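First the structure, then my questions, so here it is.
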Amino acid sequence: MDPDRLQALLDDVAAGRVTAADAFARLRRLPYDDLGFAKVDTHRALRAGGAEAVFCPGKTPAQVVEILRALVVDHVNVLATRADREVAAAVAASGLPHVYHAQARLVVARPERRDGVGLIAVAAAGTADLPVAEEAAVVAESLGNRVERVDDCGVAGLHRLLAHREVFAEANAVIAVAGMEGALPSVLAGLIDRPVIAVPTSVGYGASLNGLAALLAMLNSCAPGVSVVNIDNGYGAAHQASQINRLVAKIR
Amino acid sequence: MDPDRLQALLDDVAAGRVTAADAFARLRRLPYDDLGFAKVDTHRALRAGGAEAVFCPGKTPAQVVEILRALVVDHVNVLATRADREVAAAVAASGLPHVYHAQARLVVARPERRDGVGLIAVAAAGTADLPVAEEAAVVAESLGNRVERVDDCGVAGLHRLLAHREVFAEANAVIAVAGMEGALPSVLAGLIDRPVIAVPTSVGYGASLNGLAALLAMLNSCAPGVSVVNIDNGYGAAHQASQINRLVAKIR
Amino acid sequence: MDPDRLQALLDDVAAGRVTAADAFARLRRLPYDDLGFAKVDTHRALRAGGAEAVFCPGKTPAQVVEILRALVVDHVNVLATRADREVAAAVAASGLPHVYHAQARLVVARPERRDGVGLIAVAAAGTADLPVAEEAAVVAESLGNRVERVDDCGVAGLHRLLAHREVFAEANAVIAVAGMEGALPSVLAGLIDRPVIAVPTSVGYGASLNGLAALLAMLNSCAPGVSVVNIDNGYGAAHQASQINRLVAKIR
Amino acid sequence: MDPDRLQALLDDVAAGRVTAADAFARLRRLPYDDLGFAKVDTHRALRAGGAEAVFCPGKTPAQVVEILRALVVDHVNVLATRADREVAAAVAASGLPHVYHAQARLVVARPERRDGVGLIAVAAAGTADLPVAEEAAVVAESLGNRVERVDDCGVAGLHRLLAHREVFAEANAVIAVAGMEGALPSVLAGLIDRPVIAVPTSVGYGASLNGLAALLAMLNSCAPGVSVVNIDNGYGAAHQASQINRLVAKIR
Amino acid sequence: MDPDRLQALLDDVAAGRVTAADAFARLRRLPYDDLGFAKVDTHRALRAGGAEAVFCPGKTPAQVVEILRALVVDHVNVLATRADREVAAAVAASGLPHVYHAQARLVVARPERRDGVGLIAVAAAGTADLPVAEEAAVVAESLGNRVERVDDCGVAGLHRLLAHREVFAEANAVIAVAGMEGALPSVLAGLIDRPVIAVPTSVGYGASLNGLAALLAMLNSCAPGVSVVNIDNGYGAAHQASQINRLVAKIR
Amino acid sequence: MDPDRLQALLDDVAAGRVTAADAFARLRRLPYDDLGFAKVDTHRALRAGGAEAVFCPGKTPAQVVEILRALVVDHVNVLATRADREVAAAVAASGLPHVYHAQARLVVARPERRDGVGLIAVAAAGTADLPVAEEAAVVAESLGNRVERVDDCGVAGLHRLLAHREVFAEANAVIAVAGMEGALPSVLAGLIDRPVIAVPTSVGYGASLNGLAALLAMLNSCAPGVSVVNIDNGYGAAHQASQINRLVAKIR
Amino acid sequence: MDPDRLQALLDDVAAGRVTAADAFARLRRLPYDDLGFAKVDTHRALRAGGAEAVFCPGKTPAQVVEILRALVVDHVNVLATRADREVAAAVAASGLPHVYHAQARLVVARPERRDGVGLIAVAAAGTADLPVAEEAAVVAESLGNRVERVDDCGVAGLHRLLAHREVFAEANAVIAVAGMEGALPSVLAGLIDRPVIAVPTSVGYGASLNGLAALLAMLNSCAPGVSVVNIDNGYGAAHQASQINRLVAKIR
Amino acid sequence: MDPDRLQALLDDVAAGRVTAADAFARLRRLPYDDLGFAKVDTHRALRAGGAEAVFCPGKTPAQVVEILRALVVDHVNVLATRADREVAAAVAASGLPHVYHAQARLVVARPERRDGVGLIAVAAAGTADLPVAEEAAVVAESLGNRVERVDDCGVAGLHRLLAHREVFAEANAVIAVAGMEGALPSVLAGLIDRPVIAVPTSVGYGASLNGLAALLAMLNSCAPGVSVVNIDNGYGAAHQASQINRLVAKIR
């Protein structure tokens, strides 16, 4: 409730147009019910083209279907992340309109294709990083962004990375996905002047500590302009990259 | 602002006893200033006898004095924790009425002695744990609780612990302070049926990892009835023990 | 053996009503068998309505049944925690009177419904935290407490949390269950003046380190009044919350 | 060297306006000095108003002065970060035009005030987080951004945070600085739809593990839209926030 | 080759009773083959009643059988540790004389019962620790020691521990097996003056970190007289306890 | 592009032999396309006898076959590492000429036997370390090196290690493979003056932390001349040992 | 109170030789005061020649002096460990009879030389490990054991270790002190059949993690017969070695 | 003692040219004293131009001087590592011929300049890494190798690294020194086919964990051909690089 509406309400009470009891009923829940939070949630979906994503692990396929069915009533491009083939089969059996991106482990329910705006570049260091990179790319596309993928551009073969420098320099946000030593974001951020969102992956073994080595490396990037999300969190990187790209594209 | 006062204010507006503008001035800050949060803050001080504590590390002695001076306007028994002798000297030079508890590293500004209610027992495993235990004990006393201290009752000398079993069994909350292997809370919780709040200390060396060993041990207690606060956090343990003891004593 | 009974026994010996040999037989085991520890154990069950809980992992279904069968002779509401469906089936096949709470993974053997006293609030940050929260809630109910559940009130949607502020403020103890960043207990403890027992869960991935991130966050709560139990330890939180709530309700 | 200038140079050689020897002298360092990488570096300074920052720890005050003296030849608003009072005194004694921001531990050499564009909000959870938050704020201002500071808005006092919701919702990027449990970014990202760059601080003790607890919490944020930089890295957060804000403001 | 035999050999060469070539053949392997190491190995088996143990994980059942078959040629009471039922079945099918201790996960091949000497006490904190405690007990028995088991004597029920104080005080070495908070060795070492070999177990969950919490606690014991072996290493504890007990019993 | 070729190109432009446009086309990609990286890759295979290895985990057997089929067009002795029996079966079914080394979990596609040059010694501490040691040995052989294996030479039986001292002293590089306490490289480096490449293995349990204990021990070797690769990384050790050995043998 | 004395007391009461009140006074403290624990403490000092040691860190020199003064009333060879020169000076100024072992950082108050029994060998890997090794050696001597020191026998120079094999093989207990990779205990335990108590030291840097690397290595020893104490805990190792050696020497 | 000399000795005994007693005196220490270990030590110094290095931390300046004085009797270019200015002053005052390399924190006692053989390249990522890189470079030079330094070639400015590609490709061993994210070795190993010895440094803050982040990154290098030494261990890297380079140069 903004000040103008509060003033108007109190004027109405003073003028007898609204009873004290009615005003009380509206104002008593003010501290929490009407703070605007819920509105933000609703607006977010309308603006950005997708509802809150469903994180599948720990839910039964039936539960995922049920939640998706509820969300698609009001939303398009509803995402179910980390969806394995069993979940995908359950969604297919449910009759819900959807697309399943197997490598990205993503279900997009009530899919609605739209022209992407701006540009987000998604770089993957190795082929083993592709599931996470694809998650980021498909999520970003579902949120209405134009996406360019650059695969297999790890730092052990710089020529592959340098060959795509223009794409990175043009993007409004770059998502850099890498496991093992996680050096890709540092090298990228040294080449371009765009925000790099680094996604460490659990690719590796032994002292990779399930992705902790890459995570720590990225947090210690010697190149400014790098921020980091959780290990394997392609969804989170895409969400923030979309916030940035769409702000730049002025269409939020 | 509680419902009764809101209803009364609106009645006053409806009856013309308060103008809409005056009501607006009071209500406009409602979404945040008067959400009830601040009230809680104010009420807490009135009920429990102390304001939010000042954590000294990272503040200059002059800053601590300044903050204390502001807080004692409305509060008694204002606490400054982890106060070294330099801070204590600055408070003494400031002319603020206060008591300095050197071992507990606590300043109590505008001290006001009161009869403690209920009972909180504070057990310390070794003499090196006494600074933390004393912090807990003095904080609990400042918050209006009756406190019994049991020192040097570590598990390597069970007879010393068992000698005080009655005190522990009678308390409404027991604070168990221990470093090194941190076994005291488990043994205590096996003897009595009262909530045990465990405080790991950084006492130890090598594999004690600055208190992490004791912390982990306490979190893994095989005896139910133990919860844990941060390493060396005597203040936090005393705060929660006071919440419990005063609830039991029904004088909040 | 309390002092009065010891005095009486010795008087009986002095008066010839009890022989020295009979007194010896009773007193010789005093140093350990009758130190009061065992008595505490027995009394705890009588008062609180439940025996020591059976932790199922590492035990065969047959072993769990056998232990439960022994405990229900003297106790009601005997708990078996972390009981999977295989254990539940074995209990069902055994003919023991019981209830199985699937989400909470709890068997309550020889269940006896009673009116709960006081109030314990159990808050769960997300749906994935529900198994742990339900464990806490059902355990607390089995121990004779009144319980209110508040689900899905994580800090990313404050409005849901604030909507239930009265429940938390009224409770004698609040159990706050959260994984991922584990921020719920801090926010709760900032809103109310009741003891908050925080339960980190292993919900999350990557840098959640199987719940360590939430555990560390909770231990570092900037709001006083928070203590913490082991990861996923709904049972332990409920046990301590019950100790507090029943002390306040004065019916121990 | 950008393509246009290269094309022009070659045209000049073809036309005889420049000798092959002169062109060789300019181009011979092309593979590295002018590979385009260096260009980016130079352009960055021209556009954003500042050169690469000097990280002071490990350098003598004399070395810092020497490096600054070299950089201010071509740049304005040259930053020296983590500059203690000894460094500041050396800079002052050197006669270099500069401003020293004591709390932010920043020297800005050859300072040039400019009107900031767009909006970056910098939120600090507690007063102990202010040095890092100020570093972020002053760096962002030096890079030509408009900055709003919101101090002391930690999650234990939500009303202070909610009071500034409009500022956060309006910003093109939000920098959230917090130590201890590090919950501020999660709560902020739940309230607004703008990119939140989280900066964990080393504020805390014991299980805060010098900021690791806050770092892990932030990486596990349950609210999408959060990315994280290194502990106490206010500079890095400001750099990326500036990249975002200036992209949105279209003035790069 | 001991000095006397070397002197005799050289005397023989000098006297012509042994040719230089024959002496050379014997001495040439001296630097390694006959350094006394191998002798130690052989002697150890003769004295202590068992050969080097076979650690089964990572070996196929067939490989275990093959190794056992080779070892029983020269040794009795040959141990295969961490032997699951599949290994046990393979040994049974092989026709090798043996005993399988299921709870201890031990195969004793070519078993030979003997009267145990001295006394080793094996204490287990909880029933879940029994597999490790049994491994220790059976290994100690196989090595020719008298063993007393004290089960379920964790610190949450001190009376059970105290009831067996005499056994511990009489033993030449005490093996204390505990998971979770690992407090048993500290309490034991405070009660008696005998060497306590602590065995942390992986029993627990969450912050037990697969036994690391117990391990750290034991290393930080506040009672002197405790040393520690690897997590779940009942075999290693029994080996060292046997070295001690048999030294005391003077029968090595 | 080296200086001579650049000078020549510019001379050609000045002389009209090359147009400015053609020169521009060649020079604009200079920063990345023509740096010689790709050439290095190609040369490496020709010189060293093998292409980049295929790391199988995370790839389907079909994918591994497909990649191998592509690589064998230009290369011999193409390696697929960590290949389980399912992968081996798929390769066998594909008709590709190959050898499968089961213990080393290696497929060598289009195998071509050659005489090894120089000498690499591969030492394995225990039988459980053999899969990693065999991986190192077979990879080194595939890369054209002469290899000597010394198995079961852990530090608990020094005589076995000392028996092979000549082999180690003669080698141009020694690969030391050990799990558990990882002491083998230190002892080896104290005996010889050749580079020791240490490979920690995940052999062990409990406090071995999946190989971290061995890794840390090796990094802290008190004997100079030891460097370390990732846990279980036999391939990496062999690759570097081959670089060294072949440099010494001057046949690269 | 042993059974005989209890029976006698009750007989006295029955016979009127002791009043019930007097018996009550003696028996009421039975559950804890006279459990035999205190007696053990007293006996330990008498038998072993030393009281509980005083750990100096965290105590002022004056406090150390005060505690020593109290202990020397009843004990000889009272130890103050980790005593720096400031503590030593305070003890010297106090007039207490004492010896200060500077390298071992030990004060022995009221020193009383005695002939050592049995044999304890103390091996130090490097010169930097000598302070810890000396602490172990002097403590063991103070407790009445014969001690042999073997310095600088780290595994990078096996010949130095092997030169002293007889000393180790003759000892009843071997204390092995090593930092860095901590391999000494494994090698020692492979050479001899005596209990090896391993003491990791904080000697090292970087990945030694203040001694954790050595600690982990020792816990993972591939040679049976090794147990481990806390980092730098020479005192604890000596205490247990003394328990073993004196048991073997039968003079406890 | 090699076989020929043993045979000759025995022949001499058989022939009466050597008495059995004299032969015994020589052979009795054979198992350890003359195994060749000591010889290796002596030979190493003669060949490589330097004795074992003295690690200064934990030693007094006087002790360092004393050790150096002993070593220079037989050796030239004796190294004292991690020598601060206090040590340097003590060496200067001692009159020992020496050179002090302040940045490298190295004393070279009895320095003897020689022409370096082969080539070792030492790359440093940033200026803060120079002390470690200089330690490596000066040690390598003291051991008789030709060394090329490439400073400030971190991955955030690839052009600086690429400019020196020829140096790296020509070297027989490359030492890559980097802190923070530690990406330099991966990028280098992707460019060249020479062994890369990676040295993580403790340069960084926060999540660099004193160099652990760089260490982990280097161990997980996606480019084969990288091995790693301890954090800040420039000496160790130089030692191994020298072993390799001198083997290649065939002048050992």
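The first chain written gets the first letter, and so on, giving A, B, C, D, E, F, G and H; residue counts start at 1 in each chain.
Operating definition for what follows: a contact is a pair of C-beta atoms (placed from the backbone, for glycine too) under 8 Å apart; a residue touches a chain by one contact, two chains touch by 3 or more.
Everything numeric in this text was worked out from a predicted model, so none of it was measured.
Asks: Pick the pair with more C-beta contacts: A-H or B-D?
Replies: Answer by contact count: A-H.
Asks: Pick from A-H, D-H or A-B: which pair repeats the contacts of E-F, with over half of them the same residue pairs?
Replies: D-H
Asks: Report, in whole Å, the distance between the mean C-alpha point of subunit E and the mean C-alpha point of subunit H.
Replies: Their C-alpha centroids are separated by 41 Å.
Asks: Can you work out the whole-Å distance between the CA centroids of subunit B and subunit E?
Replies: 50
Asks: Can you compute the centre-to-centre distance for subunit C and subunit F, using the mean CA position of each chain? Integer Å is fine.
Replies: The mean C-alpha positions of subunit C and subunit F differ by 55 Å.
Asks: For subunit H, give me the residues that contact two or more of the other chains.
Replies: Touching at least two other chains: 31-32, 35-37, 157-158, 162, 190-191, 206-208, 212, 215, 219-221, 230.
Asks: Can you identify all of the chain pairs that touch?
Replies: A-B, A-C, A-D, A-F, A-H, B-C, B-D, B-E, B-G, C-D, C-E, C-G, D-F, D-H, E-F, E-G, E-H, F-G, F-H, G-H
Asks: In their shared complex, at which residues does subunit D touch subunit A?
Replies: 36-37, 40, 43-44, 53, 162, 165, 172-173, 190-197, 215, 219-221, 224-230, 235-237, 239-240, 243-244, 247-248, 250, 252
Asks: Note which residues of subunit H are touching subunit E in the complex, please.
Replies: For subunit H paired with subunit E, touching residues are 1, 3, 6-7, 10-11, 13-14, 16, 19-20, 23-24, 27-28, 30-32, 35-36.
Asks: For the complex, give me every residue of subunit B touching subunit G.
Replies: These residues of subunit B touch subunit G: 127-128, 157-159, 162-163, 165, 203, 205-208.
Asks: For the complex, give me every residue of subunit A touching subunit C.
Replies: 31-33, 35, 37-38, 41, 55, 57-59, 200, 202, 210-212, 215, 230-233
Asks: Name, in rising order, each residue of subunit G that touches subunit F in their complex.
Replies: By the definition above, subunit G touches subunit F via 125-126, 154-158, 180-183, 186-187, 189-191, 204, 206-209, 212-214, 216-223.
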